[in-house]
Amino acid sequence: MSTLAAQTPNSDEPQTEIFQTKRVISPALEEILYEPLQVLDHGFVRVIDYMGDDSAIVQAARVSYGKGTKRKSQDRGLIHYLMRHMHTTPFEMCEIKYHIKLPIFIARQWIRHRTANVNEYSARYSILDNEFYIPQPEHIASQSEQNNQGRGKALSSEQTEYVINLLKEDAQRNYDHYQEFLNEDAEGNIIDPSKDGLARELARMNLTLNCYTQWYWKIDLHNLMHFLALRADSHAQYEIRAYADIMLDTLKRWVPIAYEAFEQYRQGSARISKNGLATIQQMLQGKEITQADSGMSQREWDELMATLNLTN
Amino acid sequence: MSTLAAQTPNSDEPQTEIFQTKRVISPALEEILYEPLQVLDHGFVRVIDYMGDDSAIVQAARVSYGKGTKRKSQDRGLIHYLMRHMHTTPFEMCEIKYHIKLPIFIARQWIRHRTANVNEYSARYSILDNEFYIPQPEHIASQSEQNNQGRGKALSSEQTEYVINLLKEDAQRNYDHYQEFLNEDAEGNIIDPSKDGLARELARMNLTLNCYTQWYWKIDLHNLMHFLALRADSHAQYEIRAYADIMLDTLKRWVPIAYEAFEQYRQGSARISKNGLATIQQMLQGKEITQADSGMSQREWDELMATLNLTN
Amino acid sequence: MSTLAAQTPNSDEPQTEIFQTKRVISPALEEILYEPLQVLDHGFVRVIDYMGDDSAIVQAARVSYGKGTKRKSQDRGLIHYLMRHMHTTPFEMCEIKYHIKLPIFIARQWIRHRTANVNEYSARYSILDNEFYIPQPEHIASQSEQNNQGRGKALSSEQTEYVINLLKEDAQRNYDHYQEFLNEDAEGNIIDPSKDGLARELARMNLTLNCYTQWYWKIDLHNLMHFLALRADSHAQYEIRAYADIMLDTLKRWVPIAYEAFEQYRQGSARISKNGLATIQQMLQGKEITQADSGMSQREWDELMATLNLTN
Amino acid sequence: MSTLAAQTPNSDEPQTEIFQTKRVISPALEEILYEPLQVLDHGFVRVIDYMGDDSAIVQAARVSYGKGTKRKSQDRGLIHYLMRHMHTTPFEMCEIKYHIKLPIFIARQWIRHRTANVNEYSARYSILDNEFYIPQPEHIASQSEQNNQGRGKALSSEQTEYVINLLKEDAQRNYDHYQEFLNEDAEGNIIDPSKDGLARELARMNLTLNCYTQWYWKIDLHNLMHFLALRADSHAQYEIRAYADIMLDTLKRWVPIAYEAFEQYRQGSARISKNGLATIQQMLQGKEITQADSGMSQREWDELMATLNLTN
């Protein structure tokens, strides 16, 4: 089974060389450039390149505001102001490129974010690795009863073991047949010279959705934060959240001030509806208000109470 | 196994009602609206809605050109002119919405076109159907020796049978285990009341890439033609081309003049490189020119000769 | 000076014909189809075409949620749920196309929304009309002292009159010179046969930014609501807000349930920051909290107090 | 009147500092980083930042093709192959950011390319400079008689002088009134303390379309080449072509191999229609073919003959 080092095919990347540049740099991000940060059992996230830092956000904003904002001398205040007021275009002026290895069923969620540039490993050209995601026992859970798309309580340990074994067995058998179809072993040697190999674009259909794929994924800072706000959220599937959490660390290294503003005005914030605001206003005036009077459904009411830390 | 009718979940679609509208209509497209057009073994393409027709392209172009083009009185000439000169924005003024059922490995190719709006069936919420794509024997072919990503000659009939049987067996076994994990049968009945079902978002990872998914897919005419130019091409994988071919028929019904222009200036056309043009110019002047003199590689030269119908 | 009727160049639009269609229709929107709705002194908004209605949002959502949401039988509840949880893709399944006439300086703000399809009247091909926006006296205001980009109190009536007269005079003179450059009058007759006309692409540079242009503008429902949330807002410039307000009426006619949800969860809602939520939580627990303790700047604090209706 | 140096407001850019980075660099582009390259009378193009170089294209392509393309050892061949076959995604993996100063009527053409990120100088916040584009006498031409949107022969020198003088006079007068409206001089001093200044968002409408604006403009390499193919073309308006030509030089410095491929397969190439190919095939077989037989209009025929260098 391959090591992380072997999983990083672009050995021609200038991983150890140091160049001189007039461009702005992000020192903390430079430290981990090219380094595979492990996610799940065989996945990783690697920062491959980036453009801009916190100062680039400020520069772009100052072009928009021109002389009129000379007074806004402090970068931190300006970045917080931009984030608070959803002035998103200056954040689009920074860009980052990742190399990511991830299970196919997660890649299918991920690709729905259409604002990134992507180059994925092609299973029409090439042979996928013999690697598939098998969850750790603590992540094997039942369907949630509250939430149509989430996980609920853990399965019994017998059921968990049964599921894990079957996942392994099915993925491995299907991969073995995939190789047999291709008539090629892992080193690219022909298995049976008397036969032809099935076209790769066909053979791949026998693989399971927990096989790993990989891609280069490039996105601007604004759209990255949008992705992370959705995917590092508690409603996201654990397996994609595992990637988003690691990427939050790279965000913090890259643009520490924007990260701080992101936590304050996105991640830690909440959107309160018109009825929700009216309810809070009445509460603050000391009036009694019930769900029935609020104009909100029971579910909305419960969500608001949770947001306000008023759940008993 | 489900019939096509059963595969179309939105029974609340107004499939048989007739409404009155002041909007332009496309009569030939109205004829097949909502009708599932079969593709592959279990897939389909259905046109669900559309906006605009050939006249809408002309209207939009005339806003751009204003009074200056009153002379361009003929719609056909104007549409051909726009296509020939890559004036693409008037084609963006028409929109179409499809409901498509397709194998997951094809959905993964398809979704790389980022300019469409998509709502896909969610396997976090819902249970996928017990259906998977099994190629017809005539489509079981070996890896191409010329082309790194294509198919070459047919496999032997024994190998073909072997591959088909194994594809069926593996897909069905993995689906059966999926259902067992969910602890739910096809009708949504709990199989073993003493057990919990595994979360759907986890169970799905055991499925094979030839399982069918479905989505609503909405795109403007310009981007649809770009998609079709790539996917109805002989270099595209057979399975996605099968969809593109059916969609070309819907294009022809929808905007017959634009379709004609598309055939003339996109599908049937070729881009000739700078060196290729110089080569043709010399040939037309009666000069002898060889690959070595042309500045082109052997492969480029061969492609040009094929385009010029000069292959011996 | 042209009337609204004369401003609508596409006389080949099927404005009075009635067609039959199997597509869903939006009856209240059909009523005003093609009708120019006046905005500012010479501008208008006309709905030219649309695709889908409230039911199309629901259909698309049900494809995503599949059998799992059969219980969500009520469309209104589902649409509110989608809007509340920012599940935006089903709203992308509806599309609308407008014909809009607007001053150039407003067109420059508007075009920054990149998610629409646009065909603009081309001043390289055609001659712009002799029309420019002159604000009503009540909209002539001074630069705001609080807000770097807004308007403050009214100017004196003398100053107002002075400004209006000069705006008229400068725009008209520059237009007259434009026509002289072109050597063509409003009817397209050559003014002085002994001269050539300056190229239109050059002559236009003499025009002022309050000249009117026009375009076809097509957008999906999700992105339209994003546009309207920003441009029907009190921070938007009055002149673009005038357009957004009229478009809100067309939104209400088109998709009445989505409009209601938009009002509840976007327009009338507020995003409260992490510090803001902590402040509200403390207030609701009866604790005293001051701006200094809140972690917010004075400006943020003031904004929060205004949102909570706690401004004295 | 401002010098180029004064026109570059972001004096906090690290223009002279040298940093160390592990990222790939483009040495020839580093040489001109931050340097304003003059365009037209007061405009400029400056490269502010970039991500990637020719090797980044190759890296991204090799992720897609995986082990299957180990044989494609030569970068140049691979980049040419990608360009020739319109495999565009690897080119999206490079990004560049420009600071550009340009006349408003050119900015209006430019912004129609929706695939870039933009931060424009805001005339709601800030005061525009007293600068406007006045064409050189040799660029003052009449409307083309062949081409509805182009320029034809030069105007007489009297007419040229007349036009230039009037352009100057009108632009300056309107700018003077703009300043009077604002009640602020170029240094930001209040002109008449007894008066209020008109809101900037209103005052700007009196300016002419040849006033200069500026923006940061960030785009990926694929979309940049698409922009340049259209805007460095002989059909583009001279004033935008002047910018595109300078940007071609920056492209050549940044990614010299991709630039070479761009010249070969885009700029110097031609798309030949289905009928055009059939015509060439017949000519090469020595058959006589006339426009009437070709299925092409006279105009198409003439264009083809020009492409084939067969115009007499």
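By written order: A, B, C and D. Residues from 1 in each chain.
Operating definition for what follows: contacts are C-beta pairs under 8 Å (C-beta built on N, C-alpha and C of every residue); 3 or more make two chains touch, one makes a residue touch a chain.
No experiment lies behind these values; they were computed from the predicted model shown.
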{"item": "Joint neighbours of chain D and chain C, given as chain labels", "value": "A, B"}
{"item": "Common touching chains of chain D and chain B", "value": "A, C"}
{"item": "Angle of rotation relating chain B to chain C [CA atoms, steps of 5 degrees]", "value": "180"}
{"item": "Chain centre separation in whole Å, for chain D relative to chain A (CA means)", "value": "35"}
{"item": "Length of the line joining the C-alpha centres of chain A and chain C, rounded to whole Å", "value": "34"}
{"item": "Centroid distance [mean C-alpha coordinates] between chain B and chain A, Å", "value": "28"}
{"item": "Residues within chain D bordering two or more other chains", "value": "65, 68-69, 118, 120, 122, 125, 148-149"}
{"item": "Residue ranges of chain B touching chain C (in the complex, touch as defined)", "value": "9-10, 12-25, 30, 33-34, 48-52, 55-56, 58-69, 89-90, 92-93, 95, 97, 99, 117-122, 125-127, 188, 214-216, 218, 220"}
{"item": "Footprint of chain C on chain A - complex, ascending", "value": "65, 68-69, 77, 84, 148-149, 263-265, 267-277, 280-281, 283-284, 297, 300, 307-310"}
{"item": "Chain C-facing residues of chain D, complex", "value": "103-105, 107-108, 111-112, 114, 118, 120, 122-125, 133, 135, 139-144, 148-153, 155-156, 159, 163, 166-167, 170-171, 173-174, 177, 181-182, 195-202, 204-210, 237"}
